[in-house]
Amino acid sequence: MSNPMPTATTLNSTKHQRINIMEKLGDYWTLCVLVVIILVFGILAPSFFSAFNFLSTTTSATEILLLAIGETFVIITSGIDLSVGAVLGLSGITAGMAMQALGNDALSLIVGILVGLLTGLIFGLVNGFVVAKMNITPFIATLGTMGIASGITFLLSNGADITALPTPLTSFGSGNIASFISYPVIVTALLCVISGIALAKSRFGVHTYAIGSNQEAARRTGINVPRHIIKIYGISGLMAGASGIIVAARFASASPISGQNDELNAIAAVVIGGASLFGGRGNILGTVVGSIIIAVLASGLVIVNVQAYWQTVAVGMIIIAAVFVEQLRHRNK
Amino acid sequence: MTLKKKAAALLASSVLAGMALAVPAGSVYAASKSYTIALVPGMTTDPFYITMNNGAQAEAKKLGVKLLFQGSTAMVASEQLPVVNSLIAKHVNALLVAPADANALTPSLKTAAKQGIKVLTVDTTTADQSFLTAAVTSNNYQGGEAAADALAKAAHDHGDVAIINFDKGVTTADERNAGFMAEMKKYPGMKVVANEYCNDSQTTADSQVSSILLAHPNLVGVFGTNTYAAAGAAEAVKSSGMSKKVKVIAYDAEPEEIQDIKSGFIYGTVAQNPYKEGELAVEYAYEAVTGKKVKIPKSTKLNNLVITQQNVNKPSTKQWIYAESTQK
Amino acid sequence: MRGDQPLLQVSHVRKHYGAIQALRDINFDVYPGEVVGLVGDNGAGKSTTIRILSGVEVPDGGDVIFEGSKVSLKGPLDAQMLGVETVYQDLALALHLDVASNLFLGREELQRGWRGRFGFLNRKEMMRQAEEILVQMNVQIKDIRQKVGELSGGQRQSIAIARATSRGAKLILLDEPTAALGVQESAKVLELIKKLRSQGVAVILISHTMPHVLEVTDRIVVLRRGQVGGILTTKDTTLEEVVQYITGAKSQHSEKEGVLA
């Protein structure tokens, strides 16, 4: 670069401009929807604003949220992971079986947790391999592993719950601080922060967006796309494993049917959070909001004594509205 | 920008409208002095629980208390728990629950009891019962015994039988199994040759019974411990062409099952009394909440009735048949 | 501008796709800091030539000689390592990422110390360098935090070219960079190409727009049916003559190999 020649016009034109506040707010419009929903419930039934409801709603949100974190990474790369619900169930069962076999002590707890996480990770890596190396579309690849995971779950468990879980695990699952924040919520929040930072601030995150935005471009700039995709699905599997263990801890039993249909709620949470199924768009904060909206609707509708069936109706409406508003926002630009 | 605002407003108002539509006027606040009791069934769509709700509603009306019926469409603890938690947050006076899992709801139900909410289980129950005001259920053990007696009688005390359980680890299922097994021992000519679990799947039960029929030519009866297990078993028997020889005993008295008895598709069924369960549970809950000095039995087990072609048309049987919809 | 040794020599390169002989015998060279136009009718073999030079395709025969030594390019990374950057017809930018992220895609600046080891980006440094690059290349972007998808076609083209130069390229391959652009935007891209030459970077420019080719190139290589129909010195030729070579009305086929002009 021999002769840089900065001119007045260029200096002026590249000066940072404050990003429009409204635009920033627009990114978080789902947060406003959440606030409105909470206010409506609170006005209709003041008991909605109780510490217990906060405790139980946030705790029940963790199941979907943990899956949705992994799903966010996957969806940003323009993939989809349908297997997370089934992997959640399987991880709970493998962790439970390990702990049942080893007894009620600290070693059993640690080994059990590792077995559960490893189960999730392996399934995630297999998903990634099938997608990235065998070139099978994510929908089909993870539909396949979904079936495989749920089949193995029933083969291993014979359909029975595993209830002999170590006491430290179950007291973690039902434990809380000041009857306000449960341990599962703390762990989930921690994972949200870590993955949120990884996505927004790290090279890994930029490459994730780049692959979803333009996979060919990412490949041409030297990013090892297949390896990155395998890692992404690995994260998704790992989160499903974590969710499986936490669900088992919360319910003091590992059930082969837990996690069923969770993948659809997780995808819904991510989409409500502003991610695009075409890739390149999405963030953890949005996903957190999406997951909480789903959980708040579930608890709030019961509290105001509306049939719980309305939850799926409301979530369905919000998904469509979310995608519609995102489309408007992006068309406007 | 305006487009954005419009869209947001549209969304907010549609959500609000949806809720306004869904909230029946005046149902949100219970009158301050009256009591609210909530019934959380295993499944809101199951005739058994709908019948139970009818009994509970009738009793609640009689006592002048408000009864809420809230639950999930699948018998899954993870879907039941948020409902239970929300009702605890709402601070109902009493909670009647049919737990989908013997352990999963315990921490929450304990919290409820600690907060002064009377907790009763109906139908299924929890492993730890220390915090329960009462547990009302059908006598599932007696139901299993009654099924065994009916099959033995039909087979003239001679032949092989199989049991298809609907689930493992659910108290009601285990007790039906235990009752059936114990009672069968009393018949020296009878032998239980298969003890399978179909995981609440009709098709699984179907294929299990098909293989059992091949393996055991002396089979004379199958006990399916719930609707699905029995329906699958009956399907297998029918397609093997052995309906004459192999009798299927079902559980529960859904209108469809009654129809199946009349048509001969199944031999008989063990009918529970969910209506009575609902009545009793509300009565006990009311007594506990109002602090009346009546002694509430910790555990109540209602007996069952075996319905076969012999008694299916009797007027006294009618009240045992489950309802398909909520009584107004 | 022309140095003594060619930066790139293409010698007897051949390539076929099944029965189609896309390149029969391609011979030309490029000197450091030289802008060479590659023109020819549709299907003449321009894009195929570029794909071979950028490592995307492997030739069936012939040699690619870079800075005096024979190279075999097995992939795009091989070419990039040598200092050959390609700006593709379809741009290869991530539209959802901002300008700075695109400029640094695949070679991001990381923080120092432990944060860098965890892959934390040094956004500040990337922004600073990005501005520097854009100023240097005279590319006008309002805000480098803008997503590339929100920019105009010309701006995107400029960013793609700036990205190629910022990677220390010695030779930049441009495949129809002005094809989708309006008059003003095209003018900017042409300015950018002149800028590259002034910085000593060699450019191979594919274009169907002859006035553009005549405006910025030093020499013009005309391809016809997978062969070099002629090599013209831009300042000594005219639009009419170039078109005659493209259509085959004129040809320089000769026994002499290598440089013809």
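By written order: A, B and C. Residues from 1 in each chain.
Criterion: contacts are C-beta pairs under 8 Å (C-beta built on N, C-alpha and C of every residue); 3 or more make two chains touch, one makes a residue touch a chain.
These numbers were taken from a predicted model, which means no experiment stands behind them.
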- [ ] Between the chains shown, work out who touches whom and classify the graph as line, ring, star, complete or other.
- [x] line
Open item on the list: Applying the contact rule given earlier, which two chains have the most C-beta pairs between them?
Closed with: A-B
TODO: Point out which chain occupies the most central position, where each centre is the mean of Cα atoms.
DONE: A
Task: Rounded Å distance between chain A and chain C, as computed from the means of their C-alpha atoms - done: 42
Task: Between chain B and chain C, centroid-to-centroid distance (C-alpha), Å - done: 74
Task: Whole-Å gap separating chain A and chain B, where each centre is the average of the chain's CA atoms - done: 34
- [ ] Using the touch rule from the top, collect the residues of chain A that touch chain C in their complex.
- [x] 1-7, 9-11, 13-14, 16-17, 19, 198, 201-204, 206-207, 209-210, 212-214, 216-223, 279-281, 333
Open item on the list: Applying the document's contact rule, which stretches of chain C touch chain A when the two form their complex?
Closed with: 76-77, 80, 86, 88, 90-97, 101, 105-108, 110, 118-121, 123, 131-132, 134-136, 138-145, 150, 165, 198-200
- [ ] Write out the stretch or stretches of chain B touching chain A in their complex.
- [x] 1, 3-4, 7-8, 10-12, 14-16, 18-19, 22-23, 27-28, 44, 68, 70-73, 76-78, 81-83, 85-91, 101-104, 106-108, 111, 115, 127, 167-169, 197, 199
TODO: Using the touch rule from the top, collect the residues of chain A that touch chain B in their complex.
DONE: 22, 26, 29, 32-33, 36-37, 40, 44-45, 47-48, 50, 52-53, 56-57, 60, 63, 154, 158-161, 163, 173-174, 247, 250-253, 255, 257-258, 260, 295, 298-310, 313-314, 317-318, 321, 324-325, 328-329, 332
